[in-house]
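Mind looking over this structure? Questions follow.
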Amino acid sequence: MSLDNDDVRQIAHLARLAVDDQRLPEHASNLSAILEFVEAMSAVDTSNVDPLAHPLEMRQRLRADEVSEDNQRELFQGIAPAVEDGLYLVPRVIE
Amino acid sequence: MEWETVIGLEIHAQLATRSKIFSGASTAYGAEPNTQACAVDLGLPGVLPVLNAEAVNMAIRFGLATGCSIAPHSVFARKNYFYPDLPKGYQISQYELPVVHEGEVIIELDDGETMRVGVTRAHLEEDAGKSLHEGFEGVTGIDLNRAGTPLLEIVSEPDLRSAKQAVAYMKKIHSLVRYLEICDGNMQEGSFRCDANVSMRPKGQEKFGTRAEIKNLNSFRFVEKAINYEIERQIDLLESGGTVVQETRLYDSVKGETRSMRTKEEANDYRYFPDPDLLPLEITSEEVEQIRATLPELPDAKKERFMADYGLSAYDAGVLTASRDQADFFEAVVQAADGEAKLAANWVMGDFSGALNRDGREIGDSPVSPEMLGGMLKRISDNTISGKIAKDVFEAMWNGEGDADAVIEARGLKQVTDSGAIEAMIDEVIAANPGQLEQYRAGKDKLLGFFVGQVMKASKGKANPAQVNELLKKKLSG
Amino acid sequence: MSIHTSTVAELSTALARGDHSSRELTEVFLERIQGQGAALNAVITVTAEQALAAADAADRSRAAGEAGPLTGVPMVHKDIFCTRGVRTSCGSRMLDNFISPYNAHVVDRLAAAGMVCMGKANMDEFAMGSSNETSFYGPVKNPWDTAAVPGGSSGGSAAAVSGGLAPAATGTDTGGSIRQPAALCGITGLKPTYGRVSRYGMIAFASSLDQAGPMARTAEDCALLLEAMAGFDARDSTCVERDVPRYSQALGGDLKGVTIGLPKEYFGEGLDPTVASAIDAAIAEYRKLGAEFREISLANTHLAVPAYYVIAPAECSSNLSRFDGVRFGHRCDSPRDLEDLYKRSRGEGFGDEVQRRIMVGTYALSAGYYDAYYLKAQQVRRLIRDDFLQAFEDVDLILGPTSPTAAFNIGERSDDPVSMYLSDIYTIAVNLAGLPGISVPAGFADGRPVGLQLIGNYFDEARLLNAAHAYQQVTDWHTRVPEAFA
């Protein structure tokens, strides 16, 4: 699978990464090399193989419905880039 | 061309757990911004989700109540997209394998007809936070208290054919989740809301038309209005040779119209994949049976029983069982009133509901208890008071003047049934109205009402109306 | 033996005998970190004040008779573990300003065991790398040859132990990130079974592969450390509820009757001949110890790196979405709008390799490619795991090289991602299967250390550690120290 500049631009957009236009060819060639490398998998027939999402096939453990967390807003917002009146601030969102 | 509307609803019911679906933060509504957003809800680095047992329990309850299958194995997936109210950059949801799937509900339409609506699936997921646009210049404020609140997303089959049906279905689900005590159903606070998928097709055509999704409808009225607007919009478009675009729309309740949300150019590539921080949710049939045993009587069964046991009409039984609180209240009133079911039904649906609405109260905080109302109904049936006087007694009880007996006593409202006293009053009234007496005796029967009124007035409403009638007829005819 | 070349066990004994106080030890290592060792760039945050306070507290609890085997022993944490009140950077500009509000489970456990944390070890950015060259804080140097890489991603941890800056360090291993740097720096590093150690507070790279483990001079030290690190934590859904054996007590058993498998795929093309002969010598030692060998096949080995480079990037592309400049971490200056905020904050905050993997993962999960890449990789993952399950029906342990070559030079492979990825060819399958693996020093190739890898069955760390320990009783590779840092 070979990616071109437009593919990289589209992927970078989905991933919300600012990519310098001048570096698109470099990214395209690196990503293409990686994809070509992983292509090796297509040689093996896996049509009857169940996917394995987790090494240990265990069941999800459940927690009791209890409130265990206190208000730590001050602590958490102490490391935030922009807050006001207890809210996190971002540039205006238009819906 | 004749068009057929096809509607499917995705209802989001916030589950009434104490803590969030994947964290121990409180789900209580109305706290100061971000005071109920813990490290997990904020998506801070290194923290991990752990699933709330009660949320699973509630999803199973819903599944059982709608005849759904409960998946022995279901999987949480990540839905990836960037948005400021979505702290992790993904929403934990269920995608390919939901916990609950394939059931149905029966809804009743205005004309009394019933209709089956398929429930495709119901899956667990986390709610997002809230974006606040007011009060800031050029910025948006993010409150993540709601982030991580458990949601059950209930997806219907595209079985609905009109806005009215959609509303009836939504009301049915609303009633169910409250019966099951899995959701408080508070639509104003957003605990129960829906997205409506609306499309049109030429009548008789099997293939569905292109649908538009109207997001975040949080009242029954808006659902009806938004869908009806959307139907008209799509028909206009189609009939003028245009095409419907598959898109997400918002309902503007002020303008009464839907409008397109800014279309995202990547066309929703959510990149779903199984959440590697969570393991598959396994539910055994023993666990399902344990939960089934705790299910309350559900609205349909309760309605049948009310009709059979209390002799109520389908309509009355339907109204009374629409909410579990109301049905429970009614049954308590019947018991307190020694089985006066029809009287109880009339009062609960009538004056009692009216008073609740007037004062904006819930049944839970009614000043009149079922025992008080039932006690008053007993005084009606034993002729201590008339139905008319009872309205005053009810108001007095509502205003905190004590139970019916206390009010009757304090206000001297006891009905006069002593025929001697009633006859004396009748005599006075007849003596005072010789002209009317003459006309009555000349054949103007309608004047009986006038005399009854005068006597009741003289008795300050306390005379037993049946007795007054009977004695008056006798006296008037001479 | 001097303090800075001592093992954890030796320091523990010295503390118990009263030969040294924890404060004395801590001062020695802090001096090493800030003095001679600074050139290695192995420790990027030094918490001297907190360390000395913790050392004093350890000395007091020892005086009160409350000391355990690790009480007062200094160490460093890989900077992937959240440490309350201390910068936790994950080797990234993105988190250069991130002061963690909480501790990772592992940090709490080791503190509770009385260990003294002296600071945070350098690492490949977000643990993505095999050479420690992707760190925002610059490359770490290999104490054996400062022109060489220390391996990665736990390169700072490995170099710190190897260079005598700390007797022990924590690491994390997603595709070999404990074992490969341990091999390249000539120390011992254990990646436990997936689920053995809680991931809470450990910044996620690839959640289904990440596992924390100890790095130290010896298997015995790793046993002591793992005893303290492992254990159930309800905050991690993937953490196993299972008793933790007293690993350090189980050491010293002989290897008679132990069957060790030699996967033929681990001795083929690409393996440096010098490394191969070091491993052959180790096999001879094991034979002398009574172990029996059997050739086995892990037939899908060649698919491990390809599968890994779909699964790990896919998980990372999603795990790293939370770094968006909104609630913590790097935020770009004067964003024009929301999209600009996201793109520039992330574009500036993440380095090249991280961005590359995010893009690969984003692509692998996107509509139309999911089945061909992600689903396929998960299927291959099962094949790889099944190979191991089958092998463990016949053998108790699997042995091979940790890395195909000894340490390469800084800059040598940084322009070629795929050749860099191949340095993890023998370690990656173990993560895909979730098995425990250990790397122990087994010789040198041109003056650079060679690591021997042992792989165990699920939760069989005790046997793994015992086999490594037995080897270290009859060899002295693990006692060698680089001259420049002796």
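Order as written gives the chain letters A, B and C; numbering starts at 1 within each chain.
Here is the rule we use: a residue touches a chain if its C-beta (ideal position, glycine included) is under 8 Å from a C-beta of that chain, and two chains touch if they have at least 3 such contacts.
What you see is a predicted model; the values in this text were computed from it and never measured.
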Going by average Cα coordinates, which chain is farthest removed from subunit B?
C
Any idea which chain sits dead centre by C-alpha averages?
A
Can you pull out the chain pair that has more C-beta pairs in contact than any other?
A-C
On a C-alpha centroid basis, what's the spacing between subunit A and subunit B, in Å?
40
Report, in whole Å, the distance between the mean C-alpha point of subunit A and the mean C-alpha point of subunit C.
23
Need the CA-centroid distance for the pair subunit B / subunit C, whole Å please.
57
Residues of subunit B that touch two or more other chains: which are they?
39, 42, 44, 50-51, 82, 84, 142, 269, 271, 276, 278-279
Where in subunit A do residues touch at least two different other chains?
13-14, 16, 53-54, 58, 60-61, 63, 72, 76, 82, 88, 90-93
Please list all residues of subunit C that touch 2 or more other chains.
98, 101, 208, 234, 237-238, 317, 321, 324, 326-328, 338, 342, 362, 366
Subunit C-touching residues of subunit A, taken from the complex the two chains share:
3, 7-8, 11-19, 27, 30-31, 33-35, 37-42, 44, 46, 49-56, 58, 60-61, 63, 72, 75-76, 78-82, 88, 90-93
Complex contact set, residues of subunit C against subunit B:
81-82, 88, 90, 95, 98, 100-102, 104, 199-204, 206-208, 234-238, 314-315, 317-318, 321-324, 326-328, 338, 342, 362, 365-367, 370, 374
Touching subunit A in the complex, subunit B uses residues 17-19, 23-26, 32-39, 42, 44, 50-56, 75-76, 82, 84, 131-133, 136, 138-144, 250, 261-262, 266, 269, 271, 274, 276, 278-282
The answer for subunit B against subunit C in the complex is residues 39, 42-51, 78, 80, 82, 84, 87-90, 142, 269, 271-273, 276-279
Footprint of subunit B on subunit A - complex, ascending:
10, 13-14, 16, 53-54, 58-69, 71-73, 76-77, 82, 84-95
